[in-house]
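Once you've had a glance at the structure underneath, I'll fire off some questions.
Each chain carries a letter (A, B, C, D, E, F, G, H, I and J) given by its place in the written order, and its residues are counted from 1.
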């Protein structure tokens, strides 16, 4: 099942730089892992903002939630989720 | 170049049914064409709403605009556009 | 899988009364059916507004969308959907 | 009487971890108690957010308020309340 | 139980004047009745707007809803409801 | 002259507890005084929120402002003011 | 007593031109009268919009409301009202 | 003096096509004239929307208003205006 | 040229009191000066809020900006600016 | 390709003055460089706010993003981006 997820990152300016860097590095590692498993299907940067647009392919809302709230930057992200379904005019079979 | 496009369709209730049906049918034909050329790269329905989330792959803002404002339902759509770029953590080469 | 759905009904004042009444009656019939199948798990009226708060229990986003957009009043509803999952502090087994 | 309550938790990043953990633990204990008494009738996690959707079954606004503002995380929650009533199309007797 | 209710009236300009006048007259009659029974406890006009701020004193959300949606102008009103309870600093016994 | 005032209190979590408690205590004393003089005519708690809905009966905007900005919690309140006048359908003489 | 009033005019496109013109002409006459009596103290056009910013000098909320809702274009205006008082740094005696 | 102006065009679907076409054609002619005089300094289309972003170079707010409200499509436009001034880091002399 | 300016002051609670007091005192001095020169034409307090509504009479956007960003409280103010022009129904010659 | 970019700067009051000054100075140097290369085509100050309106002329969304997120004040800016294209009524050849 596919979900459209928008994440906006807001790191407080008084978070120590080393902690911020460690979180970003851990986030990167986790994002790569989740793309490899297929759960994080698409990942794009929104131009001009510390934000991304993503498509997740998971078994349901529970798996999506477990993934999102385990992201290292989760406490500093504003997240919006929309469940997706196949568009009647779509011609791509794998864009369920 | 990739663009994230959200379209919400609001057909006025006093539009004659035949005209609405003709517009929807023409929209479907056009959406299929644009997916075949590769310009309309992804097309998903947002669950519970007469709306879609799409990714367009075009040469730039001009081509995107020409495509969107030529859609049969364009006069009845509220559209939001965000330019995308490669995410540093992305592992998919074709998700430029 | 559970979804939280809020529906606000806005029937245009120039819709003929008979058509509005027929739609409302058909909506009622459909709502009862969907509750009987278990798909429309909870249905509450929001006090003071022509709106409801509902919990749907469906196989996924596709089934949810098919149900919602087949509702007789769908063209006159503003709908917001949020996917739900089990709360770690919940003690009700069937509130997955 | 039923109330629809949405709670969004925003714990400041500079709250000491031990205090945050203690508050969350106390919140969990209180949530379980209130579900056992029947006051906190339903409790769902909103996928992707540190938030819940709840249904409270209380004697009125006073009891609801006393419960909500005694929650350990209350000072860090943004709360929206809507009073519910029976939906004319509902078939569940206990969803008053 | 007390509820804070804000009503904003928006009568479409193409509603026939006689129908609008009849609705307003019926609204007035109903408002007086409901004040006499004690259900519509306070009723103020918001200066400069076709709107009111009201306090209702009813047995619960169901009675409130039944009253509000039976108002002649209900189909043309945008309504916001907030349940009230006694303020710990209040000195008026009847402002429960 | 009557004013409708909504106050939402947001006390920063890093305000020392003693200072917060002293402010709340002073606020309570002041609220009681102002109700006794008749200036703070009604005072209700909004269920589920650290907020109140109030009706002030003062000589005009100047007196209202002097009262509000002298409240101990004023620096931590978000306040919305709406001037009220007699509703043509009101039957309560003192709800001017 | 002074009030800050913002009025935005939205005349529906299907209102017959003669009626719109008559309303605008009547509005102009009324605005001049009210400025002459001193009630409509300042009147400015907001550049680029069919809107004005005004200062009213009236005995209170009731007089303000009576004036505003008697304006010929009142049914087509969105109005926001804010009560004003003397600013402690003001040096103009008549800007009470 | 420079103004930043955003115009969003919303032509009602029930405006006769000929009238809409005549208005658009007249708008085009007027836009060209105003660019030639130098008053309409920049004019860009916002991709995906029936909207433009413009820079006007006029003697002041009065001239700006006279120009904008004389545009043929003015009654169907939502307009936002922001006065601009020279940016301290600008290196273009004519971008006053 | 006239500008309508709304200023909302938000002084952080952890700004040392002496610094806040010094800023407020300096602001007062500056506001009086600017009213004396005629640039700050009107200055009103918005009842119930730490905010003002002002009319500035300056040579243009540049002078307005230089004035506003030199105000001692500028870093703590949220400011909205709207350029004004003569209203066709105005009878006051100096309300250009 | 042209982009319309709005930047609002919000420097936290507890950022050390020297660091803020260094960031602003570096921002100025970078803004001049980017204007010299032609990438930052227009740069205007919005009167009364610590904000600018800019037009960027870049190869695409990727170059735009690389530029914006490398700005020294980027962590303290709220940025909105809109892709632009040639307006059919434009007469300036270089306003592509």
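One rule holds in what follows: a contact is a pair of C-beta atoms (placed from the backbone, for glycine too) under 8 Å apart; a residue touches a chain by one contact, two chains touch by 3 or more.
Chain-to-protein mapping (UniProt): A, B, C, D, E, F, G, H, I, J = Muconolactone Delta-isomerase.
Not measured: the values here are computed from a predicted model.
If you take chain E and chain J together, no chain is in touch with both.
Of the two interfaces, I-J and B-J, the higher number of touching C-beta pairs belongs to B-J. Of all residue numbers used at the contact between chain B and chain C, under half are used by both chains, marking a mostly different-residue interface. Chain centre most remote from that of chain D: H (centre = mean of CA atoms).
One inter-chain figure worth recording: chain D and chain E are separated by 28 Å, centre to centre, where each centre is the mean of the chain's CA atoms. If each chain is reduced to the centroid of its CA atoms, chain B and chain F end up 50 Å from each other.
In this assembly, the C-alpha centroid of chain C lies 45 Å from the C-alpha centroid of chain J. Residue positions of chain E touching 2 or more other chains, listed in rising order: 2-3, 14, 45, 47-48, 61-62, 64-65, 81-86.
A complete list of chain pairs in contact reads A-B, A-C, A-D, A-J, B-C, B-H, B-J, C-D, C-E, D-E, D-F, E-F, E-G, F-G, F-I, G-H, G-I, H-I, H-J, I-J. Within the complex formed with chain B, the chain H residues making contact are 11, 13-14, 45, 47-50. Only residues 3, 5, 12, 14-15, 61-62, 64-65, 68-69, 75-76, 79-81 of chain E touch chain C when the two sit together in their complex. Those residues of chain D lying in contact with chain C across their complex are 2, 4, 27-28, 31-32, 35-36, 42-48, 52-53, 55, 82-92, 95.
Chain I contributes residues 1-3, 60-62, 64-65, 81-86, 96 to its touches with chain H in the complex.
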